[in-house]
Structures are given as structure tokens and as C-alpha cells.
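Here come two complexes built around subunit A, the first alongside subunit B, the second alongside subunit C.
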Partner chain A sequence: MSCGSTKSIDIFFTAKSVAIYGASASQNSVGQAIIQNFIKPQYTGKVYAVNPKYNQVLGVPCYPTLQDIEEEVDLVVVAVPARITPRVFEDIAAKKIKAAIIISGGFSETGKIGAELEDEVVAIAKKHDIRVIGPNCVGVVDTHSHIDTFFLPEYRCGRPKPSNVANISLVSQSGAFAAAISDWTAELGLGISKLISLGNKCDVDDDDLLCYLAEDSTTQVICFYTEGYDESKGRSFFDTAKTVTPNKPILVVKSGRGQKARAAASSHTGSLAGSDKVANAAYMQSGVIRVDNFEHMFDAAKALAMQPPAKGDRVLMITNGGGLGVMTTDALEALNLAIPSPSAELENKLHQNLPAYCAVGNPIDVVGDTDASRYDAVFKEAIASGEYDMFVVGMLLQTPSLGMDITNVIANYQRQSGLPFIVVSMGGGFTTKAGEIMELMGVPTYATGEKAALAAKALAQYGEIKYRDKFNKTLISDKP
Partner chain B sequence: MSCGSTKSIDIFFTAKSVAIYGASASQNSVGQAIIQNFIKPQYTGKVYAVNPKYNQVLGVPCYPTLQDIEEEVDLVVVAVPARITPRVFEDIAAKKIKAAIIISGGFSETGKIGAELEDEVVAIAKKHDIRVIGPNCVGVVDTHSHIDTFFLPEYRCGRPKPSNVANISLVSQSGAFAAAISDWTAELGLGISKLISLGNKCDVDDDDLLCYLAEDSTTQVICFYTEGYDESKGRSFFDTAKTVTPNKPILVVKSGRGQKARAAASSHTGSLAGSDKVANAAYMQSGVIRVDNFEHMFDAAKALAMQPPAKGDRVLMITNGGGLGVMTTDALEALNLAIPSPSAELENKLHQNLPAYCAVGNPIDVVGDTDASRYDAVFKEAIASGEYDMFVVGMLLQTPSLGMDITNVIANYQRQSGLPFIVVSMGGGFTTKAGEIMELMGVPTYATGEKAALAAKALAQYGEIKYRDKFNKTLISDKP
Partner chain C sequence: MKEAKKIFKTALEEGRTFVLEHEAKDIMKAYGIPIPPYSTATTADEAVAKAKSIGFPVVLKILSKDILHKSDAGGVKINLKTEDAVRAAFNEIMENAKKYGQEKGIDVDLSRGVFISDFADMGTEIIVGVTKDPQFGHALMAGLGGIFVEVLKDVSFRLIPFTESDAREMLKELKAYKILEGIRGEAPRDVDALVKIMLSVSKMVEENPEIIELDCNPTFVYAIGKGALVVDARILIDKPDK
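Presenting the complex of A and B:
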């Protein structure tokens, strides 16, 4: 499939008026948790409660049916028992609303009766051009519009914020993971634009979201968590992905590598998890980058969102700690990145500009007593040489001789050269804060050489995908 | 080598009076940074400055030589230029002090002249039975006695604290890594007893520390960072390790797996990094567990310090999130741990005690709406069955139905059964705090299934090492 209009999806993230069907006055209910999200001042649209039991819920006017609302409604969030849902959809159709998120479970995931209810709902939705997310999901969080249907209280499940630098959106089959990732990325401070939990995917699926996020200007990297693909939908997803990846990177965590895990996935989602090898081949052909787990996804996504892709795989490592140089080189080597030694000419220039006790090779060790000036000299010569496609910069800040001006040196050379830079800075308090500053200046920063190497690999892989014709190598066929 | 008396090493961590040779009034000098550590109220011993230039340094009385100090001195920290160090050692010998840490560089790591100076120092030390750590190192941090020779200010390089539950000690060839790990573990809140940077190892070496830490009651897990072994010392280390590992776990990060990284290690330490395969064989034979990097080391060490080793490799995974179950199972499978399904009898009992919509297998999914009672039922039956050697417990706390009583349930079953438990809990704010509470109750808690699986693997590996004779398998030969 190539992408058609994504207008019918847009409303899930931009709705200016939302009705909560099943809004409830009883504490700890899903219907109350959702309305609480929409009465926060951050959401600037209008909100309506729908429930024949109440006149108001938490101060929000409550209507017996959607028909009773005089104003237009853009989006309905459905949190009523499954058996009532078809009736609710008749009401949605009558009100001519075009988008609904069904939070409730009790549909196809529970067996035959549930599946019949789901079919009934889908039939009404199709007939009236209603797009549906769910059922059996936690819905969406949009960090810009503050549309937020996650029915989990913020003290348990933090909500992430968008970053000023670059943002990620994530689509998850699993609602529990969508919630845990919301909470986790909120703490990590990773810039998030949208989180979407798709549940049973009775209508809106990965494909729809992929097309939408490909055109979404607030999403720089598209991430998916999946436990498998059914054959027809999988094919369509990969066809779409192939058209998207030259313009925007796609990262996937797919669980179910092993036999036991695949069995668990089948019992969890009720669908066949499919062959892991077939999925790998499809990822490769469509330019989707598969990562092992969420930590790797966050690390790779941060690099892809903040830095240009690498136009080759030649990495130069610079460090003020010999051990960090060795460990990072180990990690770069394990990922099959090239770590070429400087040419004789470049080596000469570097020796002229560095104290004799610095080690000039790859890594270049500017040694523990350095200030920012040695880094400056290395960047200047190494960039001018054209011998490297990207830079991994070890920045150990435990030693006070290296001042915060190092962050400016790194950010400036990155901007001037247009080459990707990645920083690795191991430690605690001061180091953590300095890393946050480095990232505000646009350069992704990691606590270990392994993480930095993984980020470098992602930039090289995506560079190859983006500039496919210019490369002769098949980097992407390596394990990420 | 088997361990002799470790009394001569003990004084480095228990000295009640310390002289700083080269104490300095000039800001940002090494000689000032070190004396600042010892005048903090936490250090309750006596401190003396030695430097002919001053009468006092930061209010500490300063003497021209050690001889001028009337009281006894247990330990000397040497921070004077290399060429003066032999003279300082004559002074140390005359004062009959038996322990010195040489912080200064400029010795064998710089070439022939430096090596000769180092030989001169060693000759004096040998003649007078002075034990020496260094030169070219940052020395030691002891979190109990507050002996602290790291010359890095605390605002840049945080110092870890001991935990009330279990503590780790780490010996590092690299001073920069010792500092970065001090800073990092301070932020992580990992319980640390001792950090030691050995530098050029002119006298005290890994072997000495291994013997000492093996008997140190405040160290539950011994960790090493190394870039390689020279042949004779390496052999002795592994012989010693073989006698230690049945009683206390040893973890090693050894960098220099790849060719490029090994070249960098050689240029960094001046010694041959040696074959990685030979090292691996030696680790296996001596029961040392090799881990890939510091994150893995911290994760494995936490489990080994807090939990009993596993007497087998049969893991039961319990989760309230299907996706977390699948991903953790993937990770357990990748590490070759056994994930046996419950017997028909156990399955029956579990079905009787759980709602019908819970998935009973391995993993057992007690589903998102659970409270602690379903976990309770699973632990009770699964422990009674004797079918499992350890438990990996998925605890997603984004959903408020699972209250904090789950931590008591987990800790109680762990204590009653004596079996190792590991918790995996993904998320941010509330989840992070709950994880800290879980760990105060003695059960190690991880943010991802991969980390939890790695911890489980370490417990199985160490169980095999500890109970070597009772096992027929060779788990340890697998990659950790």
C-alpha cells in the first residue's frame, strides 16, 4: 500500500471537542480516569461526558446520549461494556462523528461472542465512515494537543513531554507497554510526540499510523512495538514502510525471537506470531531498523532524531580516558563499524597539535589532564581530512580540568561540519546534568560506550537506507 | 597462589592516621584535593600534611618530613613529582610506615627513565616491608572508613555509599574508570564498600586485593575491570580466584575483545593485552563470571549480592503484562535458561486459584487488573511444587490495581522459600521508587526483561560454581 489521505487519522490527535462515553463519577473507574485527563488545563478543547446516570461528572456537563450535545463533537472515547458498544456506535453515527477510540475490552480477544460484538461495531463504523482505534487498548497520548485517553493516573503512569530538539512517536500493540513507556520516557526526559496503543486493531492499524506519522512534522522517528504480523497486513505494512524509510527512520522492537517467547506471544495476542526470520528479511528489504529492546530503541531513536544520518561507517573515537576508548572501540568493532586509523598526513597534523603523551590512533586519547582545546584541535584536523563519517566523543567529566566549554566545542563542530556526533559520558550527578545540556545543544549523549556504539550503528544503518544508491555495502544486513 | 595473611593490605582501608606527602595550599592541585577528602568530618582518623613549603594546609598542621611527626602514621599518600619519590620512600622507611599509595604519574608508564625511578622505589619498599599501591593511580575509596585518595572533587565525582543490604567492591586497572564508577554508582545508589585503582601495580596487584576482599565481611561481590593480564601474574590470579569463587562471586569486565580495541589497550597500558580466548578459558576454569560491560556488571552484582545463588536453572516468570512476559522470556531463552511449563498437577492448582482469563504457562500472565493476591497464589503453589529454582516477577505498576503490598508478598515468599527472586518493573517515577523499596526489602529490581534475565543468569552461573559437584551441566560455558 502507498499512503492515501491521512486526514481521517489526524482527528485522533487534534480533536477540538471530545465526548467521553461512559464517563463515571465512581472513583478508580476507567470512565473517571479518562475524563480527569481532559479537564486538565493543558487540554484546551471542549469535553463532554455521556452517561444517562449523571447530570455532570467532575463538573463536566453529562448528557444521556451524544444527540443531546448541541455542539459538534470531533472524537468519542468509548468506555462502556462491550455489549453496549454497538448501540453507542449507532449514536456516534447519528451524531455524524468520524472518530472513536474504544478503550473497553471484552471483544475478539475474549472469544467468539466478543468477536461477534466487534464485527457488529466494525460494520456500523464502516457504513458511516467512522475510524476506530481499539477496542481493548489504552488509546493515545499526544504531548502537543494533550489528547490523553490513557486511563492510568499520572502518579502511577507519568506522561512524557515533547522536546524542543526532536521527538519520537511510538505505536504499541500492547497497552501495558504503551503505559510503561509513557512512564519511563517521562522520567528519562526523552522527547515524545505521540504514543498510540492499538489493541485489537478492528480498524486503524500500524499501516494507518505509519502513513500518518510519516507526514507528521512533530515526529522525527517512528517506533513500533509488535509481537508479530499476520500475513496480509504484514505485507502491506512493509510495502508502506519501504516508501517511508527514505524520508523518516522507522525502528521496531519485535519480541518473540525464541520458541517459548513466541508461544507466550500467541497466547497473549491470540494471533500467530509468525516466523522471526521472515520478519527480519522484511525489515531489511523495507529499510526498517530492528532493535533488540526498548533501551536500544530509545538510544537509537535519540541519535536518529537529533543527528543527520551518517554517509558512511568510518568512525573516529576521541577520548580523555584510555579505558573508555578501549571499551567503546570494542563495542564499535562488535557492530562492524569501520574504525580506520588516521592517514600519515592527518597523524602528523594531530601530533603537531597535541602534547607528545597523547595517543594518536583510533581511538585518539587526549588524556585525563586535557581541557577542551585538544578536542578542538582533533575535530578541526579530522573534519578537514574528510577521513571520517562520524565522531564518537568520550567526555569524562570527573576531572575538573575539562570545563563545560567542551559542550560548545562539540556542538559547534557538529553544526559546522554537518557530520553526526555522538557523546559518551560515564558518571553521575554533574555528568548527568552536563549530558542534558549537551542534548539541549543537539548532540545525543550516552552513559556507556555500548550505547554510543549502538547509536553510531543506527546512524550508519539509516544513512545507508536513506542514501541506498550511493552505498555498495550492505551494512543493514548485520545485526543492529 | 593461595592467600596468605592479608594484614599488610588491611591498613590501606583502616588506617587511623594518614600523612599526605605533597599536601598543597594551591587550589586545584592534587595535593590539595586529597587533603580535602581527609578533613571531612566522616574521616575520624588523624591527618598530617607533609611539605617543607608550609606550616599548615587548610588548617592541617604541615611538617617538612615524616620524621617531624611525633605520633605514629599508618598510611602515606604520595603526591610529589616522580623524581622526588625515592627520597620520600627513604623518609617512609625511616618512620617505619608500612603502607603507601603513590598517586603521582611519571613512572614506568612514561618510558625508561620513569621505569628506573619505579624500580628504585620498589627496591626501598621491598627492603623495608612497605606495601605500595600505584604509582599512577587514584588510589582507594572506602565507604566505611572514609579513607579516600581520589583527587577529584565531589561535585564532579560523586562518592558511593554502602548499602544496608549488600555491597560490592571493585578493583580497576584504570583510574579514570574507577572515578567514573564512583560517580555513577553514587547516582545509581548501588551499595559499594571499596573502590581501588591499582595504576602501575609496582607492588600491590589484583591478586593481593582478591585475597583481601575474599575475607572482607563488607564485600559480598568482588568486581574487576581489566584490559589484560601478563602471563605470570595472570596465572597466579586465576589460581587464587579458583579458591575464592566457591565462597564469594567474582565478576570481571575485560575490554579488548576486538583487534582495534586490543591495540588501543596496549597503547593505553603499555602491556600486552593478551588473547581474549585464553582469558575466557581461564575465567571458566576458575569460576570467574565475565560480563560484557559495567551495566551488566552492576546488574549481575546486585543480584549476586542480594540473593542466594540458584541451585538450578529452571525459571518461572510471572507477569501482569503479556508483552513484558514475552520480552522477558525472549531474554531468558537467549541466555539458555530453562523455562519449563508447569506440570499438569501444578497447572491444575494454578487454574483453581486464578481467574479463567489468566494465562497459565511459563510465563504465567495474571493480567493487568490483578492485585497482589494472584501473585500470592502463584508463588504459594509454584514454590510448593518444587518445579522451579528461581522466580522472575514482572511487576508493572502503572495500573493502580496493583498496590504496594505486592512488595511484601514478593519479599516474604523469597525469605520463606530461600529461593532467588528477581523483579522486573518498567517505568518512571512511582515505579522507580517502588523498585528502591523492593531492593531495601532485599529483592533486586530491574527496569527491563533483559536486565532481569541477565541477573537470573548470573545467579544460575554462580550457583553452578558454588555447587559445582552437584551439577552435571556446564552452564558457565555459555556466554553470560
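Presenting the complex of A and C:
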């Protein structure tokens, strides 16, 4: 599938006027939680409540139907019982609104009767060109426009913020995961642009979002959580992803490593396939990076959002702590990244610029009494040598000699060289703050060597996807 | 490809969703996939004559719309080196097929006789196959035969269609790839010939999406420059309008 116009999707994130169908005055209800999101000052558009029971909800004017609203409405959030949604959609059609998010459950996920209701809604939507997200989802969060249909109170489910550096968007089949990730990334301080929960995917699906996010200038990395694709939808995702990955990285967590397909197969090949191996092949072939879990996903996504992809697999580790150096290079090695020692020439230059008790190899240990100047010397020579494609920098801040100017040194060399840098900084409160500063300056920072190694691997993987044959792969095999 | 479509039509008309061995080989041949010389014979005399023109040793296999698993029905005789051996094998296969039919309570159609083929020299055993995944559609699998596939499940996949570099990459993904590169002083295997087969199978499936499963098992790959042969082929097709 190639991407057509994504205009019909754009309105879900840019709507200037939103109607909440099923807005409610009863506390802790879905219909109230959603309207609360839209009366926050961050959302600058207009909001209307629709419910024949009220004249107003939380001070928002409430109308019996959409047609009673005089002004135009861009987007409807539907939070009414499933059985009355067809009627709601007739109202949406009459008001000529082109986008709706159905939060309610009780559709195809519950069985035959629900599926019939869903079909009915889809038929009305198709007839009137209404795009539909859901049903059975939490909808969308856009951190720029502040459109937020998550019916989860903010004190329980934090909302992430956009970063000035780079942002990630996530599409999730599961609403619960979308919510948990919202809460979690808010806590992590990760820059997020959009979170979308697709639910039953009765209309808008992974392909639509993939096309949209590929063009979205506020999204630098596209993340997906999926449990599976409807028949042949896996193929269309594959076809679309192939066109996107040379320009923007896509990360996927896919669960449901099921055996169904295997059981049904009668040939030798079929019995060996199982759908997971085929899924793996599809992701690999289309340049989608599959990760095992959300922790890996966000470690990788942060690096991919903030740093350029690596043009080769040669990593140099610089550290002011020997243990951290060894731990990190072990992790890098386990992930099949090359950790070549400096050439004799480079080694000479480094020795000239460093105290004799510094260990020059890979890792390079500038030892505990260092200040930023030794890092500076190493970066200068190592970058000029052209012997490395990527730098992993151990920055232990427990020592009094290393000042905060180290963050400037790292950020400046990264920017000047255009080579990817990753920082690993273990520790407590002071370190965490320093890490935040480092990231404000554009270099992703991790709490352990293992996480940093994973991030480095993601940059190499994406480099290989993006640059293909031009990627300088010095390690021959990708097998352990 | 017209050849394939005609064969699939015949199969479905006979109520089969599998194609017979000579049909599978006809399709393979049409796509330029290397296979050992083959023919069919409906009498013992014809089998002998065909064996002589193919050259000994040969293999005989039952050809019947009622028998999918030929070995189970005693329908396969290999390494037949003489005219007498071929004659005896023909008669024995027919007897076995009849017996098989009696046991199963079916009237086995024997009108097509046997498939007769050159008994190919042993090469490095490879399995090339196709599966149709419900989510992603057709995918090609490759792996080394024997324990590598049976025990270690050392196989790799790519969605169809794929490029030549995909094909090479998927072979390199195999843990047993070193065997193809030649180990213990052996000459490297003819990987180019294998890649060509993989690409031809990909094209075949792309043009005939009704194929739902396919096994080229075994495929023998010989030393570099000596090519590769698909020795046994199975093709299963989808019922239309299912």
C-alpha cells in the first residue's frame, strides 16, 4: 500500500472544536473525565457536550444533539453505550462531521451482536466519509494541540510532554498499554508527540497512522504496539513500512507469538513457519526494528529520536570509571557491535594528550580524577582519526573533579562531528539532573551500560537500514 | 504463467488441492528451475523404455490423484539400476497402491501410472519452501535439510517477493551457513544456483498466488559451478472462493 492523502487523519490531532457525545455530570464517569481534559487551559479549541440529560456539564454548554450546536464541529468523541452508537452516527453524519473516536466498548470484541453493531456504525461512517478511531479504545493524546481523549484522570495517569529536541509517537492496539505508556513516559520525561490507541481498528488502522506519522514533522520515531494484524493487514503494513523506514525509524513490540498458523499447516514449510518467524522476517525485510519489550523500545526510541543513525558498527567507549567501561563494552560486544582498539597512530596521539596513568584502548579510561579536558582531548583525536562511527561516553559524576562543563564538551563534539553520541551516567539525584541537562542539549543519557549499549545497537541497526550497502559493517556475522 | 494455471485447473476439477509430481515439475520447469530429467509411464514396458532414455539409475513414484503421501502407500522405489529392477518396481508400486486403496476403502485411480525420474546424485540437502501466513501472506523459507531443519529448526524467512540480496542474506542468517561456504576442506557449494532457485520460486508464487504451500524438499546443492537440483517438489493450492 502506498500512502494517499493523510488529511482525513490530521483532524484527529488538530481539531479546533470537539464535541463529547455522552458527556456526563456524574463523577468518575468516562463522559466526565474526557470533558475535564478539554476544559484544561492548554486546549485552546472549543468544546461542546452532547447529552439530552443536561444543559451544561462542568460549565460546558450541553446540547441534546450535534445538530443543535450552531458552530462547526471538527471531531466527535463518542462515549455512549454501544447499542445507541448507530443513532449517534446518524447525528454525526447529519452535522457533516468527518472524524469520530469511539471510546465505548461492547462491539466486535464481545461477540456476534457487538460485531453487527460495529458493522452498522462502519456502514454509516463509510457512506458519509467519516473516519473512525476505535471502538473500544482510549483514543488519542496530542502533546502539542492538547487534544486528549484518555478518560483517565491526570493524577493517576500522567500525560507526557513534547521535547524541544525530538519526539516519539506511539500507536497501540491496547488502550491499557497506551495509558500506562502515557503515565510512564511522563515520568521518564521522554519527549512524546502523539499517543494513539486504535482498539478494534474498525476504520483507522496501523497503515493510516503509519502514513500520517511518516509525514508528521513533530514525530521523529514511530513506535507500534500490536498483537496482530487482520487478514492481509500484516502485508499492507509491511508494504507501507518499507517506504517509510529509509526516512524515519519504526520500532515495533509485537506480542502474540502464537502457534495457530503452525497447527493449521500441512506442509513441512508451514509447520516450521509459525506466524512469529514470518512476522520477524517481515519486520526485518521492511526495515522495522522489532524490540522485545517497552523498556527496550523507549531506550532505543530515545536514541533514534535524538541522534543521527550510525554509518558503521565501530564504537569507542570513553569512561572515567574502569568498571563502567568493561560492563558497557561487554554489553556492546554481546549486541554484535565492533569495539576496535585505536590504531597505533591514534594511540600515540592519545598518549601525548593524556596523563600516563590513563588506559588507552577500547574502552579508554580517563580515570577518576579527570575533568572535562581529557574527554575533550580524546574526542578531538578519535573523531579526527575516522576510526569510529559512534561514541559511548561514561560520565560518572560522583567524583568532584568532573564539572558540568562535560555536558558542553559532549554536546559540542556531537554537533560538530555529526556522529552519534550516547552517554551513560549511573547514580542518584545529582546524576539524574545532569542527565536531564545532557538530554536538553540533545544527547541521550542512560542509567546503565546495558541500556546505553542497546541504544547504540539501535543507532547501528537503523544506520544499516537507512544506508544499506553504504553502512560500514566491520563485523561479518550478525549471529551470536 | 499459462502452464501453471492449466495444471491448477485440472487439479481442482479432479477435486485435488495438490498437484501431482510431474505437474509440479512441469511448473518448475516452466520457471526455469533445474530438476532431474523426468517422465511418466503407465505400463511396465513404457517405464523401462523411459528409464533407458533418461539413463539409469532411476526413481519410480506412484502418480495418483488419490495418493498425497506416496511413501506411506509404498509408492516410491529409488536407485533402480536395471531394466528388470524398473519392471519389478513398477508392478510392485501398482500392487501396493491397490492394497493401500483397499485398506483405506477407496478406489485408487491408477490410470496415470508412475512418475519416473533420474536418481540424482546426493548433494548438500536444502529445503526451500513457501507458506502463506494469514497476516503477512506468502513467505519463502530456506534451510539446510536433515537435523538442521528437523531438530535445530535452523530456517530463515522472507516475504515474497524479495530481492537477490534478501535471498543471500537469508542464507547467511542460517547457523549452518558455514556448510554452504565449504567446511573441512570441502569445496564451497553453488550458492548462486540456490539463490536462483529461491528467486524463481518467489516469481512462481508471485504469479500464482493460489499456491498456499510449497516444498522443494530436498533440493540438492552441489559444489560451486555444478549447480543445484530440486529433487522433490510438492505444491498445495487454495480452493477458489473459499
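Assume the second predicted complex is superposed on the first by the 450 of 480 C-alpha atoms of A that agree within 3 Å, B and C clash if a C-alpha of one lies under 4 Å from a C-alpha of the other, contacts with A are read in each partner's own complex, and residues count from 1 in each chain.
The rule is simple: contacts are C-beta pairs under 8 Å (C-beta built on N, C-alpha and C of every residue); 3 or more make two chains touch, one makes a residue touch a chain.
All values derive from a computational prediction rather than experimental measurement.
Enquirer: For A:312, is the partner it touches subunit B (first), subunit C (second), both, or none of the two (neither)?
Expert: neither
Enquirer: Return first, second, both or neither, reflecting whether A:444 touches subunit B, subunit C, both chains, or no partner chain.
Expert: Once the two structures are laid over each other on A, A:444 reaches no partner at all.
Enquirer: Touching A:435, do we find subunit B (first), subunit C (second), both, or neither?
Expert: So A:435 meets neither subunit B nor subunit C here.
Enquirer: Applying the document's definition of touching, compare subunit B and subunit C: which contacts more of subunit A?
Expert: The larger set of subunit A residues in touch belongs to B.
Enquirer: In the superposed arrangement, does A:357 touch subunit B (first), subunit C (second), both or neither?
Expert: It touches subunit B, and subunit C stays clear.
Enquirer: Answer with first, second, both or neither: which of subunit B and subunit C does A:285 touch in the superposed model?
Expert: After superposition on chain A, A:285 lies in contact with subunit C alone.
Enquirer: Would you check which partner chain A:277 touches, where first means subunit B only, second means subunit C only, and both and neither mean what they say?
Expert: Only subunit C is touched by A:277; subunit B is not.
Enquirer: So, does A:106 touch the first partner subunit B, the second partner subunit C, both, or neither?
Expert: After superposing on A, A:106 lies clear of both subunit B and subunit C.
Enquirer: Which holds for A:238: it touches subunit B only (first), subunit C only (second), both, or neither?
Expert: second
Enquirer: Once the two structures are fitted together, what part of subunit A is touched by subunit B and by subunit C alike?
Expert: Common to the two interfaces on subunit A: residues 260-261, 265, 267-269.
Enquirer: In their shared complex, at which residues does subunit B touch subunit A?
Expert: So the residues of subunit B touching subunit A come out as 28, 110, 152-153, 155-158, 172-177, 179-188, 225, 227, 253, 255-261, 263-265, 267-269, 292-295, 320-327, 329-334, 339, 357, 359, 361-363, 365, 368, 396-400, 426-432, 447-450.
Enquirer: Given the complex with subunit A, which residues does subunit C contribute to the contact?
Expert: Residue list for subunit C touching subunit A: 127, 129-131, 133-137, 139, 141, 143, 149, 153, 155-159, 162, 166, 170, 172-173, 175, 213-215, 217, 234, 236.
Enquirer: Looking at the complex, which residues from subunit A come into contact with subunit C?
Expert: My answer: residues 228-235, 238, 260-261, 265-270, 272-273, 275, 277-282, 285, 477-479.
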